[in-house]
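What follows is a set of structures to go through.
The two complexes that follow have chain A in common; it is paired with chain B in the first and with chain C in the second.
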Partner chain A sequence: MSNPDDTVLRSAGAPAASRSFIRVVFEKYATLLLLVLLAIGFNFATDRFLTTQNLTNLLVVQAVISCVAFAAIIPLIAGEFDLSLGNMIGFLAMLGAVLGQAGYGAAIVVPAMIFAGIVAGVINGLLTVKFEISSFIATLGTGILLSGFTFALSSGQVIFSGVPPIITYIGQERFLGLGITVWLTIIIALVLLYFTEHTPLGRKLYATGGSERVAFLAGIRTGRLKILAFALSGLLVAIGAIFDLGQSGAANPGFGPDLLLPAYAAAFLGVTSYRPGYYNIPGTIIAILLLAVGFNGLNLLGAPFWVQPIFNGAVLIIAVVTARAEARHIKK
Partner chain B sequence: MAVAGEKLTKSFAGVRVLDGVDISLEKGEVHALLGANGSGKSTLVKILTGVYQPDSGTISVGDRVLPAIDSPYEAGGLGIAVVHQEAPLIDTMTVAECMALFRGYPTSGAGRIRWRSLHDQAAELLGRFRLQISPRQLAGKLSPAERALVALIIALDQVKSGVELLVLDEVTASLPESQAAMFLERVGEIAKAGTAILMVTHRLAELHGLAQRVTVLRDGRVVHAGPAGALDDDGLVAQMIGTKERPASRAVQGASGVVRQLWQAVGARPADGRGVQADDAVLTVAGLKGEALDGVSFAVRPGEIVGVAGLADSGIAELPAILGGMRARRGGTIRIGPRTLPTRVEPSDAIAAGLAVLPADRLRNGGIGTLSVADNVVLPQFDRFWHRRGSESAVLREVISGFDVRPPSARILFDKLSGGNQQKALLGKWLLTRPLVLVLDDPTSGVDPGAREKIFEVLRDGAREGLGILFFSTEPEQLAAICGRVLVLKDGKVATELSGATLTRESVSQWCYA
Partner chain C sequence: MSMKWKAVLAGAVLAAAIGAGPALADQVPTQYAGPTEPAKAPEKLKVTAITCLSILHGCVSPTVGLQNAGKELGWDVTVVDGGGNPRQQNSAILDAVSAGANVVVLVAVDPAAVQLGLKAAKDANVLVVSGSNGIDSPNPVVKPADGALGVAFDVGPNYAALGNSAAEWIIKDSDGKANIAIFSDKEFPSVLAFEAGLLEGLKKCTGCVVSPQQYFTGNQVGATLAQMTVGYLRANPDTNYIFTPFDPAAGTQVPAIAQAGLADKVKLISVLGDQQNLDFIRKGMVQVADAAYDNEYMGWAIADQIIRALNKQPLIEPHGENLPFTVLDKTNLPAEGSDWVANFDYKSKFLELWKGK
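And then the complex of A and B:
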């Protein structure tokens, strides 16, 4: 009831300030700390790590995976899974490539990809909300369906001609030293950060994920909100697909599914930082960078190819376990 | 004597819930345990079944005298079986398998389940109690009485060596009356076969011709113990609720003005923009029908606190859900202020029209434990406070200081608040929606007395500001303490309306139980 600790907590003054700063770093930014330590370590281990060339390349590769991770997060915040993301990005990239090959310009290709992404998202949402299928199953189904469409569109062939020049320009040119896709990803991240944390819609998403029932009783139209979340997810996947199409200048029918697990790994790892316990954009970006730096550094050091998944899996498990232990510690 | 408790005492967090309770249960008798909510009956049942251990006193089972029963498992070993209100059945499994979960699967040497003998065993058990149920029937397809009976068989089967005592913990509370009668008939037969039965119930009518003795608990003490015929139903109710003074709360007319300040902080009052005429009823319900409700009509005027009482099967659970747009109605009209609600509504419509419901079952419906107090309080109003963080924190300050939410911080997780403080925050959440009428469904359950007084104070204050309040409670004492009049629901209809001199907690109880 009345809590004497409360006054104690609030009167914790200046002497404890530095200690509490360290605590905050450990509680909210342990992953960031690990990222910095890794970067310093790799810098000492190899002089090829901290070069402009290496770092800008490293970032460009993250643009697509970031979009897919953001696409994973929005439904996750509302308490739903979207497992179709991987196949969806493959499908949308292929759709763009096929349209390009057929002679359509960016003015058709880009809107078509975005529209298809949103439609796919809305279908996921409708299956989950209106037909009350678990999103896990519904999106698994739509994902498999989309992979079929991808092969049907391409006849199983890689398509590497006809990608509209504007799209390849976005994918391959640089602005102020960084790839255009990196800049665009930063803008998307800022917009999403604002959306999730500072708009009523974002707060409603978190409330729906926290307890759909309570949110519904409070007058929030949770059904519509979830459909919107899936639609937004589809939009983000479409943007990722445009980036990929531009970066590679081609569409491979096997592309996509490999992105699903890394995207979710980043989303879950992101829960450990910035706003611990909640899916959040900054935490996810830190997680993506951590995994990317680990990959890159290990590569430069000549680690064999199988070290990569071991590193990623270990980081995810250790981070989530320590975050839980930390959370339990705070509760007591 | 089969089982007896002597001088049983138990306290929780310094509050004594059982105070020197004696009870003895003879072989072959049905013994009724009665008491209002909070009288200590469930604590006593939990002590006899090994869930809780008494602080002092002894329990004797047969000729063994024990200081405590350490676990439900040990209780089973001593020959004490218990059936709870909720049958331990898995709807998607067959009756035989549900039983096997407790008694174990018969297996062959290779570990394969021997299905035939599983079904034979189940059929044998069901036959022993003359139940016409196939072992292959899915548990989900059983009637309520059948569910209760299967639960009873499972409970008795758990006890390997002769049943000393069978405890029925409000087993019939959720059964329709005819189904309950079927169930109780079998219970009577089990008693005749020589088992002691302790029956906890709210329905006095069930006891007639079944119970031989009655024990009534009130405030953790035995206030009446004797043969079943010694007191009539009115007498038993009088014992259950006692005749002590009303809580002091009625005298304390906290003139705090917190609700007015709250609406000032919001920047609008409930009537603003809703086209309300000064003296209109804020809620008019006519001929309302649902699953259990069968034509309920009443009105709530501004500034009124109207109570609603009734037993579980009276439709009392359905009414708030229908009013709040959480459940569809089958007929009738609902008018909030000047607006008639359309037939199909969602909670958002009811809130917009000016009706807020503080739902029962705070754990599931109340707040979002993983979000902050601030998010929980502002939840229905996210749009209103966009880009108005200053106004939002002013409102939060008003709720936290005005309603005395502790610890006084809006940033702490909702889960970390005690039940009473959660409820105060939730009351703030719903008052923030500027309702014309506030519906409270059992708002004080699991709420400590201090918080309860604060909640009452806020409600009275709201009523003075013209808020109409509809107060559902299972505790007649509270209804009598805070309401101007009380509607008693029975069989889906308003059986009577009590007010003025006829409104006492005795009269409310009598109307409910009679």
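And then the complex of A and C:
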């Protein structure tokens, strides 16, 4: 027989628990809620939205932008910007295409792209840490430099022959119904989630980004950590470049810079969920999906081309303003 | 002086003025040279047209022609922005496949760079065609790389012939003394085909000086092309003509040249027939000519070839369906606010073939 007092406590606790649940949802998952509402809205508006074909198509084109967004948030966690990401992915894709055109197979092309990405990242790190140049300026400089290398490598041409078949296979084929690049992106996200939140190195990154001085006084070698963050960023961009080369089947000298702003938009929007106030992997994924669902749904509805940037901008501003208001509320 | 003599004198002055200028550029072809074989149009068709970048008029205007043709046939034609990059163009093709499109039309979108989208379209049995790429007849046919996918056809003008017409215009305008700087962008096969015709035509001019090509890329248009152009003109002060491969690029060069105080030293010619550039010609602001083609016709010709492809009829040769083109200058500009269109009625001809009237 239950204690009457327990019953009273439970009945009083039930609304409190549900209020707490709702509060957690609004505080930590407002963007996810918006994503779900948007998906429901598009599903009512068009029967083409919630189909297997559409959802798998929607996911496959997010692989490249996800890699660039992940590459953006690792230095952001450490308190630094990397503005070279757009030009870097263009350069690395072009490097892969040119090597492929020269007859090299995937065994050379893939490691070369990854190595070049890491080297570019390390250079960004050294410029920021050793030469004490603001990462904003240093990475802007390396980005412009890389765009010059891209033009030089390509002679201004689109390179579309000789892309190693394994790269196009990864970019265009599916496994268990989803694109291979989607599976690989999920694996990368899980590894990054574990790295950033469950390893001492990841926590040190957050500590460095929170207050470099305090982290340094606590014994963290912040300089090395930042160089590592930039190198990891270069590695992630290289993976994104491999995905892009595989999906497009070609490298265009103009490709890359247009990815920078969407990647940062996803990173900033990601701050509003999962761990509000912190750059984090799950929040970034939710943000990427939110923007992707908006783009896809509007396309399916045949919205004019100017609606999409308005949607993206509005979502970013509303989400960040809401998150700031919520953060102020929590502080009070 | 009597009214009669005044009229004669005015007529003589007008004739002299026209005669003194460059040749009134001819339209090619001068009359309808499109298909003559009937092709019954399907009644219901869902078509998605993907533009290279919807803020560029030249990317959008063929889709307007396609929409106009589609309206006559009861088709559902949706236009989607390709965003100027392969990522968004791939995404737009995938969305079109998801939306249940029967046909995807790529306008100035390079098929070589959207393989993911083309594969999805192939898997879903969706016909993919293109326009304005210059990769199909009457232009040199560019085949996909090994293992890559292509489009069923590409409708475009004869870029080499248009380039040749532009060369003739320059030779005539300069009295065979042009010192011309050729700006070029190797990203686009259509530009290369046009340039081949232009350079071939300029070979006829023994008194002309032709520079080595000054290459730039699309994403330099808004950033460094203007500086590059002014720098070139300062380093090569004898240059009196500039050729630019597409109007949006010229749109950044013209103000830069004017601001640098070089407007009276150089004349610019570009390609596409965009409104802004026609306005430059109208105002006498650096640009003096524009090699243009009928983008409305392109839309109708794409619709025609789609019908034939779906009916499994032979496609019309050349695949560009003799798309009309011309060189526009101050003497033959269309009315302000209008695009240049051929001066013959092709729409009723196409409708007759499609509807059997």
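Assume the second predicted complex is superposed on the first by the 317 of 332 C-alpha atoms of A that agree within 3 Å, B and C clash if a C-alpha of one lies under 4 Å from a C-alpha of the other, contacts with A are read in each partner's own complex, and residues count from 1 in each chain.
One rule holds in what follows: a contact is a pair of C-beta atoms (placed from the backbone, for glycine too) under 8 Å apart; a residue touches a chain by one contact, two chains touch by 3 or more.
No experiment lies behind these values; they were computed from the predicted model shown.
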item	value
Touched partner set for A:183, first chain B, second chain C, both or neither	neither
First (chain B), second (chain C), both or neither touched by A:203	first
Partner chain in contact with A:158 - chain B first, chain C second, else both or neither	second
Touched partner set for A:257, first chain B, second chain C, both or neither	second
Touching partner for A:65 - first (chain B), second (chain C), both, neither	second
Partner contacting more residues of chain A (chain B vs chain C)	C
Chain B versus chain C as contact partner of A:149, first or second or both or neither	neither
Chain B versus chain C as contact partner of A:216, first or second or both or neither	first
Parts of chain A lying in touch with chain C, wherever the complex brings them together	46, 48, 51, 53-54, 57-58, 60-61, 64-65, 151, 155-158, 160-163, 165, 168, 171-172, 244, 247-250, 252-255, 257-259, 295-296, 299-300, 302, 305, 308
Chain A-touching residues of chain B, taken from the complex the two chains share	324, 326, 346-348, 350-352, 357, 359, 364-371, 375, 378-380, 382-383, 385-386, 406-409, 418, 420-421, 429, 433, 448, 450-451
Partner chain A, residues of chain C touching it in the complex	51, 54, 78-81, 83-88, 90-92, 94-100, 110, 112-116, 119-120, 124, 144-148, 185-187, 215-219
Footprint of chain B on chain A - complex, ascending	1-3, 5-6, 199-200, 203-204, 206-207, 210-211, 213-221, 277-278
